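These notes concern the structure reproduced below.
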């Protein structure tokens, strides 16, 4: 099976710089795969992407050595298994709030006897390798999201579930769940404390802390806190930010004329 | 018929800031339509976009007041008519090198008696208005590209063809055609002179000079030369530029750590 | 956030004339959006439409001032959240049979603290407005369907659930659930009594009664009973009805010749 | 090869009632195929349909016994051959103005020695039959459109071209070409005379006259003039007409209340 | 309603030779429909196929007399109802492990009073017949998969659930569930015993035993054991097997040269 | 720029084993890319594939080291340039009958000064390499098809056109053009002589002879005649052949029972 280089980066003590795909185009996905990310997550939850398009995005990523992963819309075995069959090297799963949900997540992602994933790696046996069945359980990552007060409370137990490789903080959801505004995910004291707690708890459990951030600057701050799986914004955010900056730039220049 | 605000901006002496779509996703097109451009051109020539996807991009643009246009792959009546029927408010056409080709272009885009456009505005009669047939000839723009030495030589005659609203310089093609490198489109003396000539000739003919540029800065330079239809890069260029800048930023920060 | 004009019509005591989309084409959706409906529901349950196509249908509707909504296939948070993120101004949800299910429905559709909707309005923040997060809970409609005997029995309690804006009767399902034939939804006494009860109960609770009908005539009858959200047939029904009427008309004329 | 029942209807002296598809959905195409038409033309010229979608429309038609055909965007061998390979039982071709163009059209549609159609009936060998190559030339229809003054003048010579089965009048284009308004295609005296001439000339040449009409009533009038291939409106026209009629009906009823 | 010829073959004591579709192309589906299978199952679980593509595959099958069915990703009423509405003549459902799950499966697939399937056969009323509602419950097959030890233990009770027409063995999953390797599904003694047990139990209950096999040879072995619904490999397996055989053949020939 | 390994194989005196894609699915294309071919041609002429799908097929091939190419529908600069921009490493072009057409073909495929290809390698600059513009002319193959008597007569002059890397025989078309039956492409004496002539003429001109064949056996025969670019059947042919063989096998076994 093709090596999951994310695991190697982590084993070497490094940080994975991750990108996020919400645009349902295999062309924009391929463009993103050439920008230097270690991995790219196809977002089937909030992204404008459903399974059929997601397959083409995973293929586009596989034209490079970037590791393709997916965020599923929910902790649902049907979707988890289907996107793994499509060649995702790992899944990020929203709203995992306790150990039972984390175990259910793991079991849906692992073949018997570790779980009950159904056998049929229709694309993975090509894109990941003909020996996929022998190595998939060890090489595909299971990453629950921590985005509620309940999940924070249960973090130790979630991290103790065998098969959980990392957790992933969704700051906007976490902020809202903690009574703050979604946009305050970067500065509210309660949220900052929660993010710090996740990093520290993960280090104590020798698990990886991951987080969504709006910028390289914020991502680097997270790295300094101990996060080792950091996402910077998304394709849509990059597109909007650069386009509006350029438009504003010329409009300002013309105004000053 | 819905007003073509490009014509109004030009009538008022203003400059149209145009965006460029090469990603075949109606979602990324809608994102682009919210960034402040006056118009957006769906690129069916070099973009990764064909007719069927182009319709959804035109629709996405029409969720805003931005004016949707299209670049066709070639001076071909079948494609010109079909994309106008789909609601494009104007067409940019590559490689128009003389007055005969410019006339052929115009005739394919105008209904009898001005041309031979076939009647069947399948989407335009909804998106542009129920009275489309009465106003389409006056409200849809015809914009040939000037990108060869021959076209430069014939520029006066091209601009004299009735129905030509503007011309559009493709600097990379023009640079190659003039014996320079594609990437030198912004600095080679011969190319700069050609670009200047286009702007001046257009002003003399009271026609609009348009140009493709790689950045707001370059676009503003073109405005100062007299260009009044300036495109800044493209969706794909914005996406790649911002993504790579952010990745480089965090990688540099981590390296310095 | 863009105004949800359905709420305004209801506040003014008016009736919302709603259309129904089952054809997975953004072109036919745009055609429907120009026929005078107040709102259009993209049917992801029985329609031949899945999420990826639904996004383009929602975009097509947004080229006009018609309000776009969606019917989800089931009371499933993954789908509810995803279609709201895609810009639906409201959701119709099948088979809501008691207050618990209605509460679950509301909670999936509202952000904390009112519910647990996850934050990521990927298209809605463009199509509905940049301040979407601040107004979405108040501006997006939650409409459970009443289509079983159990739902009828629990109607008072369903209507008391905070966040329920309206209920929607599916006459064919209701008829079958009440032991009648699906096609008798317009005339069976038991079904007629049930429909009357829904209208009256809604009025008592100051909630809106909605219903699917096969024709303008049936819709008007419902209005006279107190229904203020009435759907007339669907795109597919219109297409089939008009096409067969025209074919029959010429075949009869030719036969008489 | 599956029988082309259009030819049989014509051989028996009958009239073919044809439908027109402009919506790029295989579902709406299948709905149309169940409404009683003898044949359906997928419109690749003015319809919102390109090749890739057209294949699925042709498949949808083939779930019934209705004969699938296509209108191509232009007299272009690449497109003609490709849509025939996809299983169209005939092609309607716009803007054929003289015998040379008619001959070019025929030659692109027929295998050697009658023409130069390239061999590769990728779908047709399944949908039309394994012996397709032996019968295609005789069983697929070639139908040029008559929609200019020049075409009217050359009608005799066009009809004498071997391989031309029928001609097809586009009244809107013909009206515009004759100096009238597109919408006057049903009543302008010059256009009416032209339509009459086409019918009579076809009968004299023992060829079939075809025409696009807006309604069963207009189609029947054409039949009485001798047209034996009559199209009634289109899927989009049916959808819009029925939807707006129903909306107007309930709005009027509510206004009168 | 169109006859479900699978039921007739079974009533006549025959064996149904079934094909399996995992490629999301209506063209490859149509190719498969011409190769002599009695039925074809569109695989929405492990296949690279989601609902929107599945509709076009079902249509492609319906261009022939082959019976179209679907495997759903999970025992989920939303998906079961939606694919039946799309015209599947039966559903195969993975991981049904006890009578309760089998009953839930049946109830989702049958209209009241036998179940709670919602009424809206959007495509089925065309492709299966206008009287679909009257006959669907009797004509659409419900086929749970037996692929765990628990399911084997509960087989008698599963087969006693009214509405279960057949069961379907997934040998790879069953092998893994029984502690063997997925690839040993054809030869491990435990698995072979389990497969034998399923065949015998089905015969005792006068129900049909179905099974997935890798080849005609293996399928025939299953027939000899009493299986009467046998799938041979899949479109993807056929494509890969034949392509690699041909490539190996010429490479070997060239090597020997 | 990524190496075009086809050129290397030829430089080393080897034979390129080529596959052919007619199914518009990126999944089946990826399956084909894992079967051992040196290159794969996406067939936009007779295949059921148009540009938008073709991009995803090219991407699927690029997940492996197989070289992606395309056959265009016609000698048309718009299509040639667009598919090269999409990352095809070479184009096969049908019906090139003389040196003028061959020169036109080359000029559309080469940048100035060698031709007039327009600059905008939207996907190629990612998939082929950032230095694409500097190497594309040397690394992308131009391969006209020889499939008429006229082309055979002009073969020497076609091969003398600078920029022609190889020619490609379409036996079915050639057979028909020479007055034989399409299916006789493998055995008719006139066709065999023509194929032999092409191989010999190419060797004399130190150009590569390519040919379409129905099987490994026929391909190997061509290799023995001097052909060094041999295509074996196609994805659709493989799928149909293997599926029907397996179905026939079990039906025969059951009949013998």
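Going by the order they are written in, the chains are A, B, C, D, E and F; count residues from 1 in each one.
Rule of thumb we're sticking to: a contact is a pair of C-beta atoms (placed from the backbone, for glycine too) under 8 Å apart; a residue touches a chain by one contact, two chains touch by 3 or more.
Computed from a predicted model, the values in this text were never measured in an experiment.
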Quiz prompt | Graph distance between subunit B and subunit D, where chains that touch are linked | solution = 1
Quiz item: Which chains lie in contact with each of subunit A and subunit D?
Solution: B, C, E, F
Quiz item: Does the subunit A and subunit E pair touch with the same residues on each side or with different residues, judged by whether over half of the numbers are shared?
Solution: different
Exercise. Please determine the option from A-F, A-E or B-D whose contacts repeat those of B-C, over half of the contact pairs being identical by residue number.
Key: A-F
Quiz item: So how far apart, in whole Å, are subunit D and subunit F when each is placed at the average of its C-alpha atoms?
Solution: 34
Quiz item: What whole-Å value do you get for the distance between subunit D and subunit E if each is reduced to the mean of its CA atoms?
Solution: 41
Quiz item: So which stretches of subunit D touch two or more other chains?
Solution: 22, 24, 27, 31, 34, 48, 50, 52, 55, 76, 79, 122-123, 236
Quiz item: Which chain pairs here would you call touching?
Solution: A-B, A-C, A-E, A-F, B-C, B-D, B-F, C-D, C-E, D-E, D-F, E-F
Quiz prompt | Contact footprint of subunit A on subunit F as seen in their complex | solution = 26-27, 30-31, 34, 55-56, 59-60, 62-63, 122-123, 126-127
Practice problem: Please name which positions on subunit D make contact with subunit F in the complex. | Solution: 50-52, 55, 76-79, 81-82, 85-86, 111-113, 116, 118-123, 133
Exercise. Write out the stretch or stretches of subunit C touching subunit D in their complex.
Key: 15, 17, 19, 22-25, 27-28, 31-32, 34-37, 48, 215-217, 219-220, 223-224, 230, 232-233, 235-236, 238-251, 253-254, 257
Exercise. Sort out for me which residues of subunit E touch subunit A in the complex.
Key: 22, 24, 43, 45-50, 52-53, 73-74, 76, 79, 94-95, 147-148, 170, 172-173, 176-177, 179, 181-183, 236
